[in-house]
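Multiple structures are listed underneath, in structure tokens.
Two complexes follow with subunit A in common, the first pairing it with subunit B and the second with subunit C.
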Partner chain A sequence: MAAPEFKIPEYREFPTVPALVPGAMAHSKPYIANEKVQEGIGLPAKLADDWQVTHDKAIGKFGELLGKYRSLKVFMDSCVHCGSCTDKCHYFIGTGDPKNMPVARQDLMRSVYRRYFTLPGKLFPKLVGARDLTKDVLDEWFSYFWQCSECRRCSVFCPYGIDTAEVTMAARHILDSVGYGQKYSNEILAKVNKIGNNLGLPGPALEDTLLGLEEDVKEETGVDVRYPLDVKGAEVLLVTPSADFFAEPHIESLIGYGKVFHAAGISWTLSSYASEAGNFGLFNGDYNMMRKVAMRIREQALELGVKRIVVGECGHAWRVAYAFWNTLIGLGNNGNDPYSVELQKQLDPRYKEPSHICEFTWDLIQQGRLKFDKEANDSRIITFHDSCNVARGSRMGDYPGGQFEIPRNIIKAVANKFVDMPSATIRETTFCCGGGGGVLTDDLIELRVKGAFPRMEALQHVVENNGVNFMATICAICKAQFSKVLPYYGFNMRLVGGVHQLVSTAIRLGDEQ
Partner chain B sequence: MTLFFAILFYLAFVIFTVGLGYKIYDFARTPAPLSIPTTPAPTTTAGVTFRMAREVILFESLFKGNLWIWLFGWMFHMGLFLVLVRHLRYFVDPVWGWLAFIQPFGKYAGFMMAAGLAGLWARRFLVERIRYISTPSDHLMLAMLLGIGLTGLSMSFLSHTDIISVKAFFLGLMAFDIQPLPAHPALFIHLSLVALLMIIFPFSKLLHAPGVFFSPTRNQADNPREVRHLAPWAAQIEKS
Partner chain C sequence: MASIEVNGKSYEIDEEGYLVDLSTWNEEVGAYLATTEGLTLTDQHWEVINFLREYYNEFQIAPAVRVLTKAIGKKLGPEKGNSQYLYELFPYGPAKQACKVAGLPKPTGCV
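Let's look at the complex of A and B:
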């Protein structure tokens, strides 16, 4: 690892709020999407040469979104600048840049809203902090709305429930619509639309990978665990983030899913056409894009005739699947319109559709259909990192908060040593890994390292006091982000892994059931 | 002066009710195309009602966020609420029994309101982060509210005005029969600021009052797997 060109935050003796360092992250900008990428996903190639054209287009889009999204409209109007959110963002804590305070980030957009869409902003802009949309303002949006991971932590503490993620999504949507896209996210959207997954792995490559996995597992366990692809008539379609197919430690969880299906004797399949659970359409706030990406899963579910749909370990993917699939592609339960009935009469109504792999595994554990050698995990002292989109944008099981209990229950069922990080840093107040929401790219490495600071601090606490040597999580982005930034804080990159990696270690294969 | 205040209050009343009514209509007609409650969230409508009640009455999220802001904010709002209820007596005749009963509470709630406002205002100067996000209008809004509170308190405890005539004035306004308003400097300031506040209400951050009820992260039940949330504009996409 080359020495970083920026200062890594130092652990605090007491969790004091950092002093403001105006402009500390003003230089942070992701690469801009090139014309080919933009056009490939149906967006304007680049900013218009005439600023007035861009200005009018941006304001026009802003107005359109205000009419389409109640969240945006209410959030633009409701903030009273109380300050409750100001010290809650991991990027603010890690950088001290005041524009990374959630309210200040929102105000980058709210100032423009007040100028163009409210009477006082039109009459007395200075008084209410309103400003014209200029190229500088748009550049500032591009910088700071790509310093938000849409983790929703601020929304927990807002007395009006203002969710900066919604504001960030709207801002990015406007930027996209004037040809000012972000390279990383838009390239990924191009790949998933063309090939079926964010990494651009074509079907034959997936097939090779899965065959290789079968050989590895056979060698290691002596059991023929299958990793099937495109099997018609399988009971379960598993949709998982494509990182699970080859990245470390992601692949360990994929191995685990396969072992769970094997041990429970449930037929399943992956799909090459719908080989991606992730949905970057969410990050850009683009409903149509999000729907288009999700549509591949609907089509495959119908094509393969599966009865159940299960989603692998991925945070934002689970939010999209759990909270949006029913709306976007009619994949849920109790549909009563022709569009959703078409799919839902095929799916098995006894199960939640879609189910999270943790819900799936936990159900089996409760039914006694899985057996474990917990001692196999005894070399690990485990903690659990709640991923933001799972924690604050979704649920598992039948009761609010199931998304916190079920993964922990699984860990405790497959391992003996578990300890939680400090309570202010987990569950609904969990800190983002620092790489979510479309910023998991090397051109934003400074942001990612600094944004990981609050989580690293909490991790350090349990490493020091409890000897933790394994941080389990259920998000592909968290896993990739931590693998990259852990070394900056002096940790081993292998400290992070998946919940089903732990399951994989302890599960008994064979005929115990 | 009587005529000035009569016109001012008719104007303020119309702007307040029409403006606020329009904003509420505007919030209500704008669709929420996706299910976005901040989870963990209640799964039923009854649960959502309870969550909203905790939010509106106890300021639950603010309590989680910052104890000082919660303390001052809650003191101010609860004080204001009692004071407003107490002021109903200027608009009904005869005064209802329970309204007469709460008068002393409302009277002293004025102190709580002013203290809360002072605390909130102090934070805008003393806390670096909040100083950074404060705009001139944030200060003016607090100044106006504090001005209303202090002039009100001064009329309750220092220099009384002829409240019988004040009541006659407002009952008269409601019956389009304008009665003389007593000449009293604190009363003039008090009423001017109240009217001004009513006028700016529909155009300002005071919209947080109706806004909280329309906030999708708080008013939606967590049931997306069971219920399809399809906005009209999104349904159009399905048809194309």
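Let's look at the complex of A and C:
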């Protein structure tokens, strides 16, 4: 695709609040999902010809969500426009568009809420900034709610604890329900439901790819490391984003997972039916869709009879696994309903279910079951990019902040040179890569490049001061996004990679002669 | 839906310029799609395109970048068996740009 022309933000000596550029991103909108895609996932094919029908449907859905999710109603009511969130959004910092201030973006929805669901808004709309839902308003939603990556950095700074991502999810859910879906995300949901992964990678292709990996690793190390598929009775089922089978640098981490299992002597398997950890249902705020995608994993866990479920390097997958799998598929949090019990009976209670691959590897390191040649990573000066859904949507280990420490601990265990980026840009205040939450698509490349700006500034800092040449991350979206946008900021696209890519470089496979 | 005209025949393409009906692809269409990407096709490009199509016929999906680089390396020598070589041929990314020219669907997901 020929890249569209736009201005790339310039590095600032002192990062301050950008000057406002009203309407700077009003033109940004993703492709609309076509009728086939929409119908494929059980959504209305397109907007109704009669606006009134769409209007009523949208307001009806809005009311339904307000009734179902008390949180949404609280978030609609409780904002006092204090302004804490305004300059915390990477898309606002990168574009200067005032509607990308989180409070303003949410107000696109809140103004409609006031009109239809509050007494003052019903009686005196003008006085309280309430407005009718018109086609223009819906178009504005489609534009600006696809300029949010649901990263929740702004929520960290909100004194009322408003989960801004949940507002975006609700807006997208309403858009979907009136036939105004986004092509990229919905096409992916259609594929995962049909084929088992976001990529549309059929079983035989997956098998061929994994056999190729076994050859490569054998050639490189002389060791027979296996990448097993659909093995009944394996101890661990690994679910990982399908990008790990396909893209660079993702596949390097997949190679790393296999080496960890090999070195620890733990049997494992991938599944061709549940060959996707990612769950785009989350991005659209659609619980039923999310459940449908997650069910594939439950079915395969039962079918293959595994004792443990481990999730690979994928940010939002881990959030879904950590925070939603318990109610979605009865895994985790010791549910005692019959549905949960069925799976819990089979799984090994000595381990945390589900586990993140970083928890899995770090446990083995602590037990002394993995050995490394740290010098093998000496050509790398490494920093770590916290992915938003891991940093702010979940946890690792058994203590607060484990999700920040464990990946860093692994890096320090396998490499000698590590340095963090400036503190305001990492851990719970990490900046999004700019491509999360369903915007990782070529039609939004301008948004992605501009949204990456704060992260690129922080990276530039450690590149200049510390000579950093490798940014590790544990999310497939982050990896793909950075590979694409790094060159816009003068960096090599290969500067990004996975934590298990570093593990892969340094690990001793145990059977060297 | 949009369409392109090649040698007096019309071919349907999607919003992003990918061919809708893969079976209608031929080399002239490939060459035309390349021009929409600002590419002038050389023999080296065709090596990649032909491999993509062969792989797709067998597996109904484009090959992983690693599978592609390995195949190219075997055929053209190890110095060309890397993604840098592919990026020289297809600067916007071998997976997406080469797929478009070869008439394959766009790889989706976190890639």
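In this text, the second predicted complex is superposed on the first by the 505 of 513 C-alpha atoms of A that agree within 3 Å, B and C clash if a C-alpha of one lies under 4 Å from a C-alpha of the other, contacts with A are read in each partner's own complex, and residues count from 1 in each chain.
We take it that a contact is a pair of C-beta atoms (placed from the backbone, for glycine too) under 8 Å apart; a residue touches a chain by one contact, two chains touch by 3 or more.
The model shown is predicted, which means the values in this text are computed figures rather than measured ones.
Touch criterion not met for A:Phe117: it reaches neither subunit B nor subunit C.
Of the two partner chains placed by the overlay, neither subunit B nor subunit C lies in contact with A:Tyr273. In the superposed pair of complexes, A:Tyr351 makes contact with neither subunit B nor subunit C. In the superposed model, A:Phe6 makes contact with neither subunit B nor subunit C. In the superposition on chain A, A:Ile477 makes contact with subunit C only, not with subunit B. Touch counts on subunit A: comparing subunit C and subunit B, the chain ahead is B. By the touch criterion defined above, A:Leu201 lies against subunit C but remains apart from subunit B after alignment on the C-alpha atoms of chain A. Residue contacts after overlaying the shared chain place A:Phe157 against subunit B, while subunit C stays out of touching range. Comparing the two complexes, no residue of subunit A contacts subunit B in one case and subunit C in the other.
Within the complex, the subunit B residues that touch subunit A are 23, 26-27, 30-36, 38-43, 55, 59, 61-62, 64-66, 69-70, 73, 120, 123, 127-130, 132-138, 140, 200, 203-205, 207-208, 211-212, 214-218, 222, 224-231, 233-234, 237-238.
Chain contact summary for the complex, subunit A toward subunit B: residues 17, 19-20, 66-71, 73-75, 77-88, 98, 101, 103-104, 107, 118-120, 126-129, 152, 155-163, 166, 287-288, 291, 322-324, 326-327, 330, 332-335, 337, 339-340, 352-354, 391-395, 399-401, 403-404, 428-429.
By the touch criterion given at the top, residues 15-17, 36-38, 59-61, 63-67, 70, 83, 92-93, 95-97, 100, 105, 107-111 of subunit C touch subunit A in their complex.
Contacts from subunit A toward subunit C in the complex involve residues 1-3, 31, 183-184, 187-188, 191, 197-202, 204-205, 208-209, 212-213, 216, 241-243, 245-248, 250-251, 278, 314, 440, 442-443, 476-477, 479-480, 484.
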